[in-house]
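Below are two complexes that have chain A in common, paired first with chain B and then with chain C.
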Partner chain A sequence: MATLSINSLGKVYPGGVTAVSDVNVDIADGEFIVLVGPSGCGKSTILRMIAGLEGITSGDLQIDDRRVNDLEPGERDIAMVFQNYALYPHMSVRGNMEYGLKNEGLPKAQIAERIAEAARTLRLEEFLDRKPANLSGGQRQRVAMGRAIVRDPKVFLFDEPLSNLDAKLRTQLRAELKALHKRLGATFVYVTHDQVEAMSLADRIIIMSNGKVEQIGTPMDLYLRPASRFVADFIGSPSMNVLDGTVSSDRRSLQLNGSHQIDFGAELPAAAGNQIAIGIRPEHLHQNTAGETRIELSVGFIEQLGADTVVHGTLAGSQSPLAVRLNGVQARDSGDSIALSCGRDQIHLFDGTTGQRLNWDNQ
Partner chain B sequence: MQKRVVFRSRLLPYLLVLPQIAITLIFFFWPAYQALESSFFIEDAFGFSRQWVAMQNYVELFEDPSYLRSFKTTLIFGVSVAVMAMSISLGLAVAANRVVKAATGYRTMLIWPYAVAPALAGVIWYFLMNPSLGIVAYWLKNVGVDWNHYLNGDQALLLVIVAAAWKQVSYNFLFFLAGLQSIPKSLIEAAAIDRAGPVRRFWTIVFPLLTPTTFFLLVVNLVYAFFDTFALVHATTEGGPVDATSILVFRVYNTGFIGQDYGSSAAQSVILMGLVIMMTFVQFRFVERKVQY
Partner chain C sequence: MVENRPFLTFLTHAVLIIGVLFLCFPVWMALVASTHGPEALSSSPIPLWFGDRAWENYSQLLVGGLPEAGGVPIGSMMFNSLIMALVITFGKIAISIISAYAIVYFQFPFRMGFFWMIFITLMLPVEVRILPTFDVVVKMGMLNTYAGLTVPLIASATATFLFRQFFLTIPDELVEAARIDRAGPLRFFWDILLPLSRTNIAALFIILFIYGWNQYLWPLLITTDESLYTVVMGIQRMVNSGESLPVWHYIMGTAVLAMIPPVIVVVAMQKLFVKGLVESEK
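Showing the complex of A and B:
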């Protein structure tokens, strides 16, 4: 059980690659933090710096108010689950789980007790004497988890632990992981590039791009108030529609491509003639004209998902991509046009050049 | 997909393996058969006449205390060479595996000794250790060791062991380095997180994972020391002083070409052949089946 405090953390790899710069976050005791972002954005680097596997170039790392920058991985009281599990292939499942405890010099009886308990929790009892090579992917994953649990560490670190599993198992283990977190009440730092995993697991998400933090917040914060165009695009599936436009001279409406004019009924937080972008989630667009904001979609192709239908296409009369999620099974032909609308409070605004969120009166 | 090649002609496959079979027959089986045959005869020194004596050559060998001593010498020699060559090369491989800068440079340098011919390796050490002009012998004298492998049998044995081991280090190094590099880095990292220090990590994770390599090299090194070191011994100690470095292979030569006792020499090579077959069997039996991680 521990707090984790990260202050202006930075990493430059030998060779000059800046993998991470200026990360600040305070992680509370027992919090489930998920680091998410596209490949190469520096998630693993941050996790490995917390673990002590990678040197810290700049900034401070504290576990329970103790600066740990210069401690060896073994002295930090953390446990880590690797993407490839990193099970010791020459040891049995029991041997794998015992290893860390033996190194700590724990009495034999206590080791046996902890392993029995972890094996029960993770349903590994019947596999204790098997070698990792003779286990399925899901079982190996649980052994890796078990090896972390028995250590009873202050912080658990996970680097994409579910990414080598098939979709169904992934969903199942996601639920188990969440339950485990609840039961242990420990601090979890979890890396993934899958936004669904991030949304479903996290108490708070740290979303990154190019080594920088884009936003830190609860899943709903990120969904409802994305701090930038990048976050808006990354969180949610299908992604948020983002349409570029020009602020009108009275600053109360936006001229989009394809002769669409969006009225805001309030002053926009940008100067006349400026480029800004609006964002509307596909699930917030409806097939009626009840909302204040109306646009027309020219159908390209449709995805039938059963419970709902995602229609992809373009904003009528332009090349800007646009998608909408409609309820139930819907048939549309390519080239059809659909009139859509949404409430003003569902519209997000982003600066045209920086991509940062612009807040405006109606929200 | 069909992986096996199917030949249209029945003859072609046999034609293709013919050279290989011919070489094996002419250069391996034929001499082996000759040795086996000669070992049952006593031949005069000029090869004019020979006489069937059945197992007499073998019986005499095993009744000869100096031959039995050679067995012991060979065993000490072989095990020492293997242990010395392997531990030094493992140490070097572990060090080279940590080096990040100029790694290929180090590796190339460490591989060079392998290109030195065995006789030459012997001569190099012979000069280094020569009691009157060798630099190492001079250093040893300075620290109070009176080095003279012409007179001292133990020192002579040590000399050939060191020379033979030195030559084999490069080969072992390559295999150990490859073995080390095939161990996933995340295993070492997991062990570091599991509170194992560098030494403990080595003995509990790295070394066990190298077992297949180590076992393979053990057999290769023993085979090398037993059968491939003739030139080295010949160029340095010539088996002496008083048989102290007269290992089995050297004895085969000595009995045959110096002593001109072809029958006994042949019997000795048959015994050596038996040893090789045994070791090859052990290697196939255990190394091949050993779990590859």
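Showing the complex of A and C:
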């Protein structure tokens, strides 16, 4: 149980690649933090710096108010679960779990007790004497978690632990992980590139791109108030429709690419003639004209998901992609056009050049 | 080829059986010859079935000592060969696994330089460097010692290279997991690297044991003392004994005896070797 504080953390790899720069975050005791972002954005690098597997180029790392920058991984009181499990292939499940404890010099009785408890928690009792090669992927991943649990660390680190598993198992283990976090009450730092996983697990999400933090917040913060166009695009599936446009001279409407013009009842937070982007989530568009903002979709192709239907296409009269999520089973032909609208409070605005969120009074 | 055609099955088996017979025939001849008297082998036709002198020949060989081989019993030569082969095998494996460990897992100045130095010596087999090595051994006073027989043959670039290649295939995460589990360098080596290298060690053991057992030129140079002769040298001396006809029945008997330890090693290690191969395929 511990707090973790990260201060202007940076990493430059030998060879000059800046993988991470200026990351600041204070993680509370018992918090479930998920680091998410596209491939290569530096998530693993941060996790590995916390673990001590990678040197810290700049900044400070504190676990429970103790600076751990220069400690060996074994001395930091952390445990890590790797994507490819990294189990010792020649040791039994029990051997894998007790190896770290033995190295710590824990008495035998205590080791046995901890292993029994972890095995019970993770339903691994019957596999204790098997070799990892004789386990399924999900079982191996549970062993890897067991190896972490028995060490009773201050911080648990996970690097995409579920991404080698099939979708069903992933959902199941996700639930187990969440339950485990609740039971242990420990601090979790979890890396994934899957935004659904991030949304469903996290107390708070750190979303990154290109080695920088884009936004830190609860899943709902990120969904409802994305700090930038990048976050808006990354969180939510299908991702948010973002359309570029030019602010009109009276600053009350936006001229989109093509012939569309969107009228806002209020003044836009940008100067006339500026480029800004408007963001609308596919699930916030409705097939009626009740909302204040109207827009027309020209159908491209349809994804039938059963519970709902995602219609992909373009903004009528332009090439800008546009998608909408409609309830239930719906049939549409390519080339059809659908009139859509959405409430003004569902609209996000982003600066056309920086991509930063523009706050305006739309509520 | 997983086709199931009777003719193909027959053909492949026929080829294999012919190959086996072809390879086994000389061994069979040696075995047969070692059970006959000296005359039987100098007259034609050569016998193809066992004679009645097996007991006599072998007991003479093992404990009696032959004038043709310098009067030393083959038993003691076998012992020398065994010492030499085992010391070379263990020495080579120990040294090369440790140097490969250093080269793969530790950062130190000129690391790649050392690697290339070891690698380049691959191009220099014993025969090429035999004179300078001999010179060194003489100056260190190691003529006619077990040390002289074995130490110069222990350094092994091949084994180092093989271990290095194997270590490079071990995932980094395993090393990292061990670091998190508080395994220091020695623990990691002992608890993880060594057990994982088991199959490689078994394979190398077979190859190196046979290499050590079959050494001929080097012991010939280094030993003048008959009590240090190895069995391969013994065979050679018997063949060249000069004054009379070669004692083929003894020579063949010695050859049969000399074959036994490598066969034992292969059979014993093969189990581990095959088991390891099957396990790691999962």
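Just so we're on the same page, the second predicted complex is superposed on the first by the 362 of 363 C-alpha atoms of A that agree within 3 Å, B and C clash if a C-alpha of one lies under 4 Å from a C-alpha of the other, contacts with A are read in each partner's own complex, and residues count from 1 in each chain.
Throughout what follows, a contact is a pair of C-beta atoms (placed from the backbone, for glycine too) under 8 Å apart; a residue touches a chain by one contact, two chains touch by 3 or more.
In this text, all values refer to a predicted model and were calculated from it rather than measured experimentally.
Aligned on chain A, chain B and chain C: do they clash or fit?
clash
In the superposed arrangement, does A:Val23 touch chain B (first), chain C (second), both or neither?
neither
Thinking of the overlay built on chain A, is A:Asn134 touched by chain B (first), by chain C (second), by both, or by neither?
So A:Asn134 only meets chain C here.
Look at A:Val191 in the shared chain and tell me whether it touches chain B only, chain C only, both, or neither; answer first, second, both or neither.
Touch partners of A:Val191: none, neither chain B nor chain C.
With both complexes superposed on chain A, which partner does A:Ala79 reach: first (chain B), second (chain C), both or neither?
After superposition on chain A, A:Ala79 lies in contact with both partners, chain B and chain C.
Can A:Leu285 be said to touch chain B (first), chain C (second), both, or neither?
It touches nothing on chain B or chain C.
Find the residues of chain A that appear in the contact set with chain B and again in the contact set with chain C.
On chain A, the residues that contact chain B in one structure and chain C in the other are 51-53, 72-75, 78-80, 82, 84, 86, 88-90, 99-100, 103-104, 133, 147, 151.
Applying the document's contact rule, which stretches of chain C touch chain A when the two form their complex?
171, 173-174, 176-183, 187, 191-192, 195-196, 198, 279-280, 282
Give the list of chain B residues in touch with chain A in this complex.
Against chain A, the touching part of chain B is residues 184, 186-187, 189-197, 200, 204-205, 208-209, 211, 291, 293.
Quick one: in the complex, what on chain A touches chain C?
These residues of chain A touch chain C: 51-53, 72-75, 78-80, 82-84, 86-90, 99-100, 103-104, 133-134, 147, 151.
For a test of understanding, state which residues of chain A touch chain B in their complex under the given definition.
Residues 51-53, 72-75, 78-80, 82, 84, 86, 88-90, 99-100, 103-104, 133, 147, 151.
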